[in-house]
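We call the chains A, B and C, going by the order they appear; numbering starts again at 1 in every chain.
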């Protein structure tokens, strides 16, 4: 059984902060099919369309029938751990400072042998479940997990290299005025975050839930307005070195398209809150987080964006809104590349309309803020890079995967 | 169709360029040294070398063709054999056929690599696409980790113990103490072996070869030419190679020799008991045990009992890796694939000196290489006989 | 020979005339007027550094800033309100420049406002003030001193679930000031010239409605009105010359005479 993690002590100011290192991040183009699956928390291998053979490592021709049609598809992750080893000497600087490190050969029920990382609870000769995760370099690796889950399973030292578990981490929620911001603060406190900083802009404006927000255990309200560079700079100056997980909950959903929306005032505001807000957070918090990617149990781990699924395809009814979300998605991709050097993940939580006043007239299904917050906890615990939360988001993603052009037309009707 | 024998073609002129732990020189330099030594001892002129076979991992960005210009050779037969530990046997098989067919007269086969301070790590991370995609990101333990898994599984399945592997390593060190070219000559006891620090369980320090720089070479030519030039030589009785054998085994428990060994013995017309010494590819003793089994010296799974029952030193009843093998001489990259052949050739041409096995007439040289993903893909074996 | 202006300069130099700054510093945190969120919003003050003796400009420091016309201490032109939209010279660029210099009367409601955030300036209150300080001269600003500028932001805006609560003029009082006293404009310390609850007055926002409807001006978010005498103040209130601008942030300077 995994030993529960011990709450990290206060940092010794005389100790040099360990610089982040990455495991080797080069993969073949084909192998990124695994990265795609890991990014969504799925277990997928190539399965030959010609003969049905499940294939690993990724190939460009089937080793049984030489077919080149080798799509990645979800396969059962079960298997048996045939042999294990504990690596004590590694040529790689990243692993060198993480040894001893266990790996093993897992024979998957679906066929191939998979040399995988091992969770501390798995034993040779027993059944395991392979899980694809993103390592610090942002590429897919598999870890063999025990078939049965246990209480402190997430505390496993090897597993934590791939996850961003909020437990004992310090979280900044950038906007606590909104229902999602408050639900997120509650969810993070519930997930064991040691401090939940909650940003409040225009503190002179009262807001619903204000009193309750201040009673969340570990919550610390900070005056933060992400539309104000100076405010972001000031807050970052105070707490950036203590932010292990940043969750940008600032939202600005406004109905309306492009052509008939009178002027740019609303669009400016949308871009200021969403796109420029993201840039400000990235500029003032990003460098410190990147530098703290290997800073012990509560190393900087994740920058979380809550995005509308319509970032992926414009919903003309909320056309300008969708465009601002798309800008954020694009910026998130750039930020992902920039934070990768620190092993800090950028998690995108794609959601359909939330069950809030700004989507009042939109018919259900709508996503409750609590559901989105809980999904964010889950994504952090698993290190899932792209989560599609709720029915609408999953529907849009599925339709996008099948036929983007059809989706464009359908959303525009 | 019955395979044609290797009549009329011989292997000769064993060359080992003394190894060094690290070298600031390039692979080209090491290959050049080996060729130079070979020409000196045979009396051949460079323009007589009309065939060249090269095995090297550190030649990049060059391959064999670039070497011809670098070394000033103009061969009419050229081969590049990037097959690691199986490279010596594979190179020999091809060279013999080339000479036999008249495509070349004098083929020099070289296995050489340099070892810069950081070249081992670089070689590992870009060794193969599967290594890049599916091995190196998993702890970057290199072949140590891959063989640890194979060893662990072998121990689980056969009951082999660390002491069994230790016997192989200790015997080889004893052999190495008689071979000047070995980098590791300090006495190794079974206690030393057992006490060594773990590298990747159950692999410990003395299970691992030491990467180094070095070169091994030999010459393949017609028997008539060898006689005319007064070069001592050995005959090639038979040779096999196999790649990606037993692909559906979930983890490596046997090698390609198990497929081809009947042909190996059949072509030579002898049985394993006729062999006077065995040179195996020994990066990790587990693979030595598999070769002993798969080549037919004992049944599958009886390797541990076999090494307990025999003495593996040059003066023992089963002389094995008579110069100390890679475990004691060092692993000069692709040179390791030629080391066994070159040492066997010395044994059969009376050049082995202090490592000589008494009355050695027939030797078996086995090769194994290329951990592409989770297992060695290439296997080869050559039976040589005193002329 | 002494001209009026040289006498004025001498008075300034000798301290006979004191200059009081009635302006809040522009900062990002200064509240802007609160509108229902589905309506267009006034942009708060924001500043982005262009360079600061660095790679973006090695020897100089400067900024870009953005804000609304009605952000911080600001001037309201008649065109700001629908009632003044058809008037001539109703925008900040066309207002005659001499209108940017005018005397001011300051009505002290600080105690009343402290007692009641929804304090409303009534005609009787104005008349009581006139009884004490004399009739408000024509073409004079009327400034409402509430000491509101001393409040921290939350109390300054004083939002509750039925809207903001801050002092301001009653509809008939504004009408009275415009029609009976011909005032130049109306100035407050609060975020608007109207009371916090003025949306519920008849007409809504009477200070805007009547003042701008009659071509008069507004000043809001003023500071330091507690330093002004009831009468005898001269105000300098020149807004930025924005084409068809409805208002503008500005520096408001009050000139007062010190006792000899």
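We adopt the following convention: a residue touches a chain if its C-beta (ideal position, glycine included) is under 8 Å from a C-beta of that chain, and two chains touch if they have at least 3 such contacts.
Since the structure is predicted, the reported quantities are computational estimates derived from the model, not experimental observations.
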item: Touching chain A and also chain B, the following chains; value: none
item: Most distant chain from chain C by Cα centroid; value: B
item: Distance from the mean Cα position of chain C to that of chain A, given in whole angstrom; value: 49
item: CA centroid of chain B to CA centroid of chain C, Å; value: 93
item: Chain A residues touching chain B - in the complex, by the definition given at the top; value: 23-24, 26-28, 31, 56-58, 63, 82-92, 94-95, 99, 101, 103-105, 107, 113, 115-117, 124-125, 135, 137, 139, 141
item: Interface residues, chain A side, partner chain C - complex; value: 202-206, 223, 225, 227-231, 254, 263, 265-266, 268-269
item: Residues of chain C that touch chain A when the two form their complex; value: 28-29, 31, 34, 38, 40-41, 43-44, 46-49, 152-154, 156-157, 159-161
item: Chain B residues within the chain A interface of the complex; value: 120-121, 124-125, 129-130, 132-142, 144-146, 148-150, 152-153, 156, 197-203, 247, 250-251, 373-374
